[in-house]
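The two complexes that follow have subunit A in common; it is paired with subunit B in the first and with subunit C in the second.
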Partner chain A sequence: MAAARPFPALAVLNRILLWAVFLTLAVICVYPMVWLFLNAFKTTNDMFAATWGLPKVWHWENFSTAWNYGISRYLLNSLVVTTATVVVELSLATMAAYALVVLNFRAKAAIYTLILGGAILPPEVSLIPLFRVMAETGLYNTYFALILPNVAFGLPFTTFLIRAYMTGIPGELREAALMDGAGEARIFREVYLPLCRPILASAGLISAMRVWNEFIFALTFVESESVKTVTIGVMSFAVALRADWGVLMAGLALSILPILATFLVMQRQFVGGLTSGAVK
Partner chain B sequence: MPDSQDPIRATWRQSLQGWLWVAPALLFLAVFVYGPALTNIRFSLFSFSAMSLDWDFVGFENYLRLWNDPRFMTALTNNAAYAAISVTCQVGIALVLAAVLEARIFPDFSANLFRTALFLPSILPVVVVGLVWQLLLTPMTGLIDQILWETGLSSWSKAWLGEPDTAIFAVIFVSQWQWTGYIMALFMVAIRAVPRDLYEAMEIDGASGVQQFWHITVPGVRETILIVTIVTILGSLKVFDIVWVMTAGGPNHASEVLGTMMYRAAFRDDMVGYSSAIATVIFFIALTIGLVQIKLQKDR
Partner chain C sequence: MAYMQIKGIAKRYGTYEAVRGIDIDIAEREFVVIVGPSGCGKSTLLRMIAGLESISRGDLVIDGQRMNDVRPADRGIAMVFQSYALYPHKTVEQNMGFALKVAKTPKDEAARKIARAAEILQLGPLLKRLPKELSGGQRQRVAIGRAIVRNPKVFLFDEPLSNLDASLRLQMRIELAQLHRELQATMVYVTHDQIEAMTLADKIVVLRDGLVEQIGAPLEIYRRPANTFVAGFIGSPKMNLLKARVTATVAGQARVDAAGLVCDVAVDHLPVIGAEVTLGIRPEHLAAGPGAPVQVQASERLGGVTYAYARLPDGQSLTVQLDGEHDFAADGGLTVQPQPGRAHLFSGDSGLRL
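So, the complex of A and B:
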């Protein structure tokens, strides 16, 4: 390709430049995490002496200290909240998408707009009334205080993704099933759900990442150690451990280890899943 | 966007079935999104504290106060800077990076590796990113300062997060670090949907890579550019977590954004009505952006 161009020397120079740019960017993007993991093994003094190098002594105990400091509980809470949210959100979104694609009913366009419209509203605009509702209903400081709003705020985009995918499923499949006497519920379960598996995986992944990383609801609607998710747990952890950088960094490292490991093992599916919806 | 594919007007019976299928989703949105958002507007007309039963109707007084609050202007400016820089990096730069990676300049293996590396920050929790960068930016002991010292640029060394002039920009920078690679991956997907032979035709005509970018890539992914721009601007409007973690709006409120200002008013200073007024401002800005998006998409 380059050889066909009028100035090969220039093309080669360009190419070297591009390599340099991308290598630099890659290092800038990855190195902070490498730095985090390396320093998680150091004592605070080692770190001040040399934040660059490998640890002289690998202090594995930083990790056990951090783990016992509460990280394990936070991870469990995040797992519960994320799983519940994703399951409920996918169920509701798939049902809504099914109706929006195959059923004929009044005010359909208006209802779809209403669902999508939720995507432009940031959580901030509902936060104060939601806080009062949580306090008054006794949901405050329970898993539900996180699961319910997380489902609601995730529904618009999830419904959008699944609906877009379902429009690609030929309507003849449903018609044939109707002929055979199947009801909508059965067509939904036995025809549409299996065909939607790829988009459910992508939408589930996107939703799981969003909930796992969610911050403002977790900051506002829970306060006990026993319900705090990892994002907020890590915050209190950081405040408590201002002086002990090694343990703090071990805690941060532990908190991202599950996501990081999954990402590195299945990066193709990850990137593919998280970018679905880029083109309609 | 919704298909107008209702050939025959549905009967009430048919409609009831459809409504039942969408009802759970609508219910969630009504109870947790729209209902509270509307209640919030009503709250903004009162003066009250979190748990008190005393509600004073004050009309638009909260808004008047907001208008005269110098922090409000700071926050608006910071949100605007956030949006401007984010659109530049996450739309402009990300698109160029995506185009280069998709132009097959690098061998597949390296292109893949670059994509993974640049994508990596986006999978991390914002809180962890904020805390790690806080450590990296710490004067003297942080990595950034040490790099500056070792490269002889020690005069540039400063408390990036501790000085009013730089705090918000340091936070914005970290946000770009986290999201540019993600948007780049989105653009890569979009570029792959552009027909390959368009590029080949231009190539035969001797067009340079830059010309191909402007004449094929940019028009080819116009729709994605529009959506990403809107999403980025909305994201800059609602930004809260990264600022709260890294500076909490400080020092001396220099890096305050609407989100942190609203949160502080409600949950630290116990001025709930005032906080609701800030949230209402966020609401109307978001609504305007949403309407602009619908308008732009209709124009196509």
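So, the complex of A and C:
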């Protein structure tokens, strides 16, 4: 087959170049993480002696130290906030998307534009008003102070994604279900939701990553240790542990592990969902 | 009294009227085929009967009850969609059982109904499969099965065979006719395919631009089309519609001449001598023989028959059905004569049958 090509040498060169570029990109993306995980096993002295090398002794205890230092609580808080946000956001977004796709109501286009418009608003702009609202309503320093704004700022994009996917579901399925006697709630639950599984997985993952790494709200709307999420927790950790870099790295490693694992598990769904949303 | 009455039904979208006032009476157990070119409003009419579109004007009565504002599911109607619209994530069994589940039918009764429908449609071995694992014909059968289990008063079909290939379409056509005999149900069937209309219908409704052109039994429409549109639409290949002039009349009969093709036609309304009329004559009612000279432009040999596409001396085109063994002259010349009593005459202005 190679003989049939006009310039096999050029083709090979092309391929090598392509691989080189991709490899470089992969290293740039992955290396910091590898570095973080490697140094999480070192003592501070080891780290300064050989920053790029493998640990001479694998100090597993760094992780238990970090865990006991309070990271467990931060992880739990992040887990609660992320899960709750994703669940609420997906529920609201799917219902909104369903209404926008199948129902006919007045000002439908205007409402959709309004929802999308929410994506333009940067969270920073609303920090002070939101802070006042939280203080007035007693939401300040609770899980809700993180869940509610995260849901609000995630809804536009999530609704957009799910709506795009739903427009690809043939309207005749709904009509067939109507003939079968089902109401809108049932059609939503038994026809649209199961068919939306791929996009729900991707939208959920995108939203989970966003919320897990969210910093500004977590910095502004909560202060006590019992509700701090891992991004803020790790920061205060860094201040307290300035001397012990190994433990600090272990804490950082722990803080990204859950979301990394989730991403790796759901990777296939994620890529599938993104593209199927894109072409519809 | 008719079982289902469509009384002056119309559908308006903004200022555009897709269906402009249609009256059809449908008897119980009748198989009615609504046929017409695309955009004639036939699917809209069916969707109004189903309740998927609101009725802008007129009344829909089924079994004595006005149905205009009744929910689709409560009209006693089941519909088979052109795309089948099977739920992709449900098995064949779940697809057929969905309506029963919604209606909270007891499990054993639902299972019995599904089993019976599966038996009628030979779907037994496929019950646990998903739609994507079925062929086109099997999906079609599941869609019909989903309608059967609901035991509806009226079945609606929206171009159900148009996604199938030719041989499967023929097979499904025969099965649908059988199904109609077995179920003894009232069926309303929409298609643009006049062969489906001719073969399946007890009664054909020909629609154009949102209005009824003619209602009648298939052969009645074939033999006595009400106007040039119906004449051209029903029958394959199409009826030849030729400009002609009336040369003589006697009681109930007119002699017309279309560029040399002379024909005596029985008429109800006698035209005046010299009037411009349209002579309708089907390709199968023309024969090679002493008569009008035509020039053959092209021919199709189908084996059993041969279609000759020819022109009259004045340039009008004409299709002639010839015997499969017919030999053409080298110069493409042919003389044709109409079979007596098979031609139709339409008014040159209105296109209505004379």
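Simple rule for what comes next: the second predicted complex is superposed on the first by the 239 of 280 C-alpha atoms of A that agree within 3 Å, B and C clash if a C-alpha of one lies under 4 Å from a C-alpha of the other, contacts with A are read in each partner's own complex, and residues count from 1 in each chain.
One rule holds in what follows: a residue touches a chain if its C-beta (ideal position, glycine included) is under 8 Å from a C-beta of that chain, and two chains touch if they have at least 3 such contacts.
Values in this document were obtained by computation on a predicted structure and should not be read as measured data.
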{"item": "Which of subunit B and subunit C A:194 touches, first, second, both or neither", "value": "second"}
{"item": "Which superposed partner A:222 touches (first subunit B, second subunit C, both, neither)", "value": "neither"}
{"item": "Touching partner for A:38 - first (subunit B), second (subunit C), both, neither", "value": "neither"}
{"item": "Which of subunit B and subunit C A:256 touches, first, second, both or neither", "value": "first"}
{"item": "Which superposed partner A:170 touches (first subunit B, second subunit C, both, neither)", "value": "second"}
{"item": "Partner chain(s) touched by A:179 [first = subunit B, second = subunit C, both, neither]", "value": "second"}
{"item": "Residue contacts on subunit A - larger count, subunit B or subunit C", "value": "B"}
{"item": "Subunit A residues within the subunit B interface of the complex", "value": "1, 5, 15, 18-19, 22, 25-26, 28-30, 32-33, 35-36, 47-48, 51-52, 92-93, 95-96, 98-100, 103-109, 111-118, 120-131, 133, 148-149, 151-153, 155-156, 159, 167, 184, 209, 212-213, 215-216, 219-220, 230-232, 234-235, 238, 245, 248-249, 252, 255-256, 259-260, 263, 267, 270-271, 274-276, 278-280"}
{"item": "Residues of subunit B that touch subunit A when the two form their complex", "value": "1-4, 6-10, 12, 14-19, 21-22, 24-26, 28-29, 31-37, 39-40, 43, 50, 97, 100-101, 104-106, 113-128, 131-133, 135-136, 141-143, 146, 177, 181-182, 185-190, 193, 203, 208, 223-224, 234, 237-238, 240-241, 244-245, 258-259, 262-263, 266-267, 272, 275-276, 279-280, 282-283, 286-287, 289-290, 293"}
{"item": "Contacting residues of subunit A [partner subunit C, same complex]", "value": "170, 172-173, 175-182, 186, 190-191, 194-195"}
{"item": "Complex contact set, residues of subunit C against subunit A", "value": "50-52, 72-74, 77-79, 81-83, 85-89, 98-99, 102-103, 146, 150"}
